[in-house]
Amino acid sequence: MRLVCDNLYYRYPGTDTPVFKGLSFGIDRPGFISLFGFSGIGKSTLARIISGEIPPDKGRVDVETTGQILYSHNAERFPGWESTGHHLERVCDYGKRDLLAHLIEEYAVAPYLHSRYSGLSMGQKNRMNLIRYLVQDFGILIADEVLANVDEPTRNHILAGIKELLADRIFLYISHNALEVARFSRLVLVLPQNPEEGHTAIRIIDGLDEGTGQRTYEERTLQDRVYQLLRAASGMKT
Amino acid sequence: TKKDETTRNHMTGTRKNPIKYRLKWLYNASFAGDIWAREKGVFRAHGLTVKLLEGGAEQDAIKDLELGRVQFGVASADQVIRAVSEGADVLVLAQIFQKNPLQWIYNQKRLTINRPQDLKGLTIGITYGGNDESIMRALLKAYGIPTDSLTLYAVHYDYNPFWKGEVDLWPVYRNTEGIILQKKMQKANWKAGFFIPDRFGIRFVANSLITSGRIYREQPALVKEFTQAVIEGWQAAMDPANLATAARIVHRFDTDTPLAIIKQQLTSTRTFVTPEGKWPMGRIDRAAWAQTLGIMSSQGLIKREIKLAPLLAGPPP
Amino acid sequence: MGIFKRLLQFASIFFTGLAILWIIKYAYSFSDYLIPPPAELLQVATSYWKIYLAAVVNTTAVAIAGHFSAILLATLVAFLGRSGSVIGNLTRTAAYNLQAYPIVAVAPIIFLFLGDGLASRLLIAAMICYFPLLLSFIGIFSEPVDQVEHFFRTTGRINWRLELAIRTFENLDKITTVIVGSGTMAIVGTIVAEFLAATNGIGYTIRKALYQSNLAKILVALFLIGLFSSLYLSLIEYIGGRIKMRLMGG
Amino acid sequence: MGIFKRLLQFASIFFTGLAILWIIKYAYSFSDYLIPPPAELLQVATSYWKIYLAAVVNTTAVAIAGHFSAILLATLVAFLGRSGSVIGNLTRTAAYNLQAYPIVAVAPIIFLFLGDGLASRLLIAAMICYFPLLLSFIGIFSEPVDQVEHFFRTTGRINWRLELAIRTFENLDKITTVIVGSGTMAIVGTIVAEFLAATNGIGYTIRKALYQSNLAKILVALFLIGLFSSLYLSLIEYIGGRIKMRLMGG
Amino acid sequence: MRLVCDNLYYRYPGTDTPVFKGLSFGIDRPGFISLFGFSGIGKSTLARIISGEIPPDKGRVDVETTGQILYSHNAERFPGWESTGHHLERVCDYGKRDLLAHLIEEYAVAPYLHSRYSGLSMGQKNRMNLIRYLVQDFGILIADEVLANVDEPTRNHILAGIKELLADRIFLYISHNALEVARFSRLVLVLPQNPEEGHTAIRIIDGLDEGTGQRTYEERTLQDRVYQLLRAASGMKT
């Protein structure tokens, strides 16, 4: 299980400033990894590069996993001709039926399985969409603000659950919520705001790696970690 | 004065506002006289400035006359009779074709047709609604041939069913299409024969020169000059001595037909246009008109009876 | 649009046109030869309606068959044209270029090989209405619906059937509009084919009337054509509506 | 699609068709009247190409004018049809119902009132190509782009120009496809009009050739028609591409 | 300045369960008001009803303001034919030019004024969209998760600024972030999860009404308030 980005350069066609200049980092163990940084810094772009949706101008992405790399974001929709329940069943990978039932229960979406996607609230959409990705066979799942419209208690519950679910895979979580990033991540990749002259340096900070009901740290530690993340994101020296 | 001038222009036409003359069909040898009158200055000699307008399936000189778009036109007798029976205000000035050039072409190597009875069992092309339908039906009736003893086939503009042998007799204008088809058949080692209704007593008048009753009444001088010019044009165009010249000027309009063919077409046209005996060119054959009318009314093609005498006015004295 | 509304619309348009024609006739005192009077129209209508009705039914039947073929053909071509393969390119190219030819010019060749029977009429009808269909279908089928397709693409689940289904569904209204619209064109196409070469159908009847300069017959034919088009379009709309309702789960 | 690609495509389709025709001819030993031999075609082409070229140029010019009018008309009708007002309903109804009439049936009436000049050709060309345009335009103009329009609607800023602009922009590719496609139909329409009644243009030339049963001439005409269609379509595509580039700010 | 909802009933066509059964509340003073509740509880629906986008099945909305009611959400897009800068200028209300310049500066979007909307990151889109609403003349602005994809520091900065900007108008903010809801709101309308038998009761809880740099409360108070909000949202008695 390995994900290495080596010296990535990327500039959107038609723009002047590159998003990345020589970005490199490596992850060599599975787990809950977050990608953190201020708005517009390049998180979604990096996600698209890793998932192969856009090729970098220079550099390469090296992946060693058993399954595919999936990228999900929060503007997705289900096909309109079937109920969300049908859709979930249809796209559920072989051998994941039990998981599907479990997630439907956990994410409290059972009452909406008969609705069309368009008849859901934003947070309900978010959860349905995440479920269909989780019942796939993948090695890496990149989740780009997929829970942005879900309320906090539900979100925390979901994230804690995911940790166990995906213990042997890479879950790359993109979120602006420093608190949840600090709590649930094993590692946080921080894209800092003012990249040093001529090259984008990613900072890697340890998260608290909290699981379901196994909070092992002090409130103080959490505060420190959140603070550290925000400093890193704003480009200050740690 | 200015008013006089406009009146005169109106009467004789000017380059900007010429007298318009709608032919019955696309430019071809069937309009040799009209083209001659235009190209050889006959109209001009009569003090007229004339513009020829081509005809076609969607064109109808009688409607154009009524709408005031043209002052003169060429139409076939059946068109004229039908229109008059429906209240159109037209008069016949001259009968250009003395005999109807509509005939049926067939391959003499396969068929021998000497009399109408020989048509039995054959497949005969007709244009439904066209005057060839009237002619064929009149002929069959006159000779007591039941329609179900032969096959009528609806023809279109393409001759392929004839070439493929699916149809035995195909209606053609003898003097124009007839010439072209005859040549093609020769090349294919066929022998063209023509079935001629006129020979069996079916006389159905074809192209005539017409104008509206109003113009006839209001501008008799113009009508007289115009008719005269057209007849002179036909006389000159049909003069064997003028064949080469006539062919050349027709070719100017009918560019798609080779000169040699046009010559043959003109020679053929002459036989249909030139009256028998000492009749002048353009004479109105009242008996033929009466027969035409008879055929049409017996086939229920006209709504109310009409009087031929006032219709066949001829040029004003 | 309900069937009654459609029929009402058609009738009002038709009779308005007729009224204008007659107003012109009497204002300029045109002859009955140029524009037939109401009495003649009525007389023609009463004596010919049966023959004309049979002709229109015949035409409509051919048109429906042609329309169906055109829909299938357009779907197929748009679908093949969507792909970048050799066969896709070839199909698309042929489909596009053939349309550059006016049917009146190609008709002789069609009649040469297919004769002047049903096959030619069908082919011409289909050819005339298939192009607008093709245009819309190519537009619809080649435009990804990213928000829906992303998941299938990223999970490697995408296939042509799914792609087709998604894009069709997202554009259901447009597709119905185009199919309804091309329905008229199918009828028009059949009539043109009949006009050019057939010995059946209302187009053939119109040609005969034209030879006789008989506007009254043409007007009766136009009335029946309008009537049957309206009926056919209502039918397609109804079917389209039912399909949509089922898919939307209403 | 570049102009050379288009021309190449056209040429390959045309000559493939020709080859098939000749293969059939020699396989079934059809006579030269049914299908002209290569030598005759060549001879006809060399002696008539100038006249035919002039005719095609003439036709193309009328077609372009007709196409333009049709685009304007379709935009107008689709736009009016979009609104629910009385005049909107009426326009839409008339526009839709008129199309139910085959041009061959309506042509007598058009020629009756407009004569056989340019006006009739233009009108018929426009009528034939405007319907596919109308269909697409109505589809596009009546489908709200909520994500973009919401702001203007909620702030009371929405007006018809803005609505038109938004929906046009969001469907720019579809619109270009439809306009390019209807370009061929404009040419087809003009040729049909010329075939029926005009005394100019390549349609008229085809009619004359048909009366002479001259397939060679028709084939030459088809070649030139295809050539000019391709050129015209390339031109529209080029212009469409430029407009898009400017709007997209590329 | 008044906003009253009186006995609202609403059920989406084609669904069984009504979203609201006799919902009533009233606001009689301007200010920063939040609408809080778990995902799927009906926040967006209420917003659409108040803005007049959908009519309630029963009951009425009574508004007394000087300007219009605007509803903005986070799936909006700008027209594609102009740069975001041009668009903002074009839709800026008369007399709000200075405000526009100020917001562009404050929201750090100046570098993106030459881009098309489609060329922005999600958080950049959020901010641009909010700006165009703020430069309108309105009495009530309903902002439905419009900052969901913006990073927290930027978001807090924006919210603190809005308080001052809209002191005399109603800013109805919908967000899942309990912390920011508690901090910046004068009032929080909480839609509770398990409405009592037969009727939807809204709970109104005071927020801390924090302004720019004028934090006047203890950390403890904030914690309490967040806790209170979450309890109310989950339908527990306070």
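When the chains are written out, they are named A, B, C, D and E in that same order, and each has its own residue count from 1.
By our rule, contacts are C-beta pairs under 8 Å (C-beta built on N, C-alpha and C of every residue); 3 or more make two chains touch, one makes a residue touch a chain.
Predicted model, so just to flag it, every value in this text is computed and none were measured.
Shared contacts of chain B and chain C, meaning chains that touch the two of them, come down to D.
In terms of the distance between Cα centroids, chain A is separated most widely from B. Per-pair tallies of C-beta contacts place C-D first. Chain A and chain C have centres, each the mean of its CA atoms, that are 52 Å apart.
Per-chain CA centroids place chain A at a distance of 26 Å from chain E. Between chain A and chain B, the centres computed from C-alpha atoms are 87 Å apart. Residue positions 14, 75 of chain E each touch two or more of the other chains.
Among the residues of chain B, those touching two or more other chains are numbered 57-58, 63, 67, 158, 160.
Chain contacts: chain D has residues 34, 108, 112, 210 touching two or more partner chains.
Every pair of chains that touch is listed here: A-C, A-E, B-C, B-D, C-D, D-E. Every residue of chain D that touches chain E in the complex is listed here, in rising order: 147-148, 150-151, 154-157, 165-166, 169-170, 247-249. Remark: chain E residues 12, 14-15, 37-45, 75, 112, 115, 119-124, 126-127, 145, 148-155, 176-178, 230, 233-234 touch chain A in the complex. On the side of chain A, the complex with chain C involves touching residues 51, 53, 68, 70-73, 75-83, 91, 116, 129, 132-133, 136, 138. Of all residues in chain B, those touching chain C in their complex are 57-58, 60, 62-63, 66-67, 79, 82-84, 86-89, 127-130, 154, 156, 158, 160-161, 301, 303. Contact residues on chain B toward chain D in their complex (touch as defined above): 26, 53-54, 56-59, 63, 67, 69, 157-160, 163-164, 177, 180-181, 184, 187-188, 255-257.
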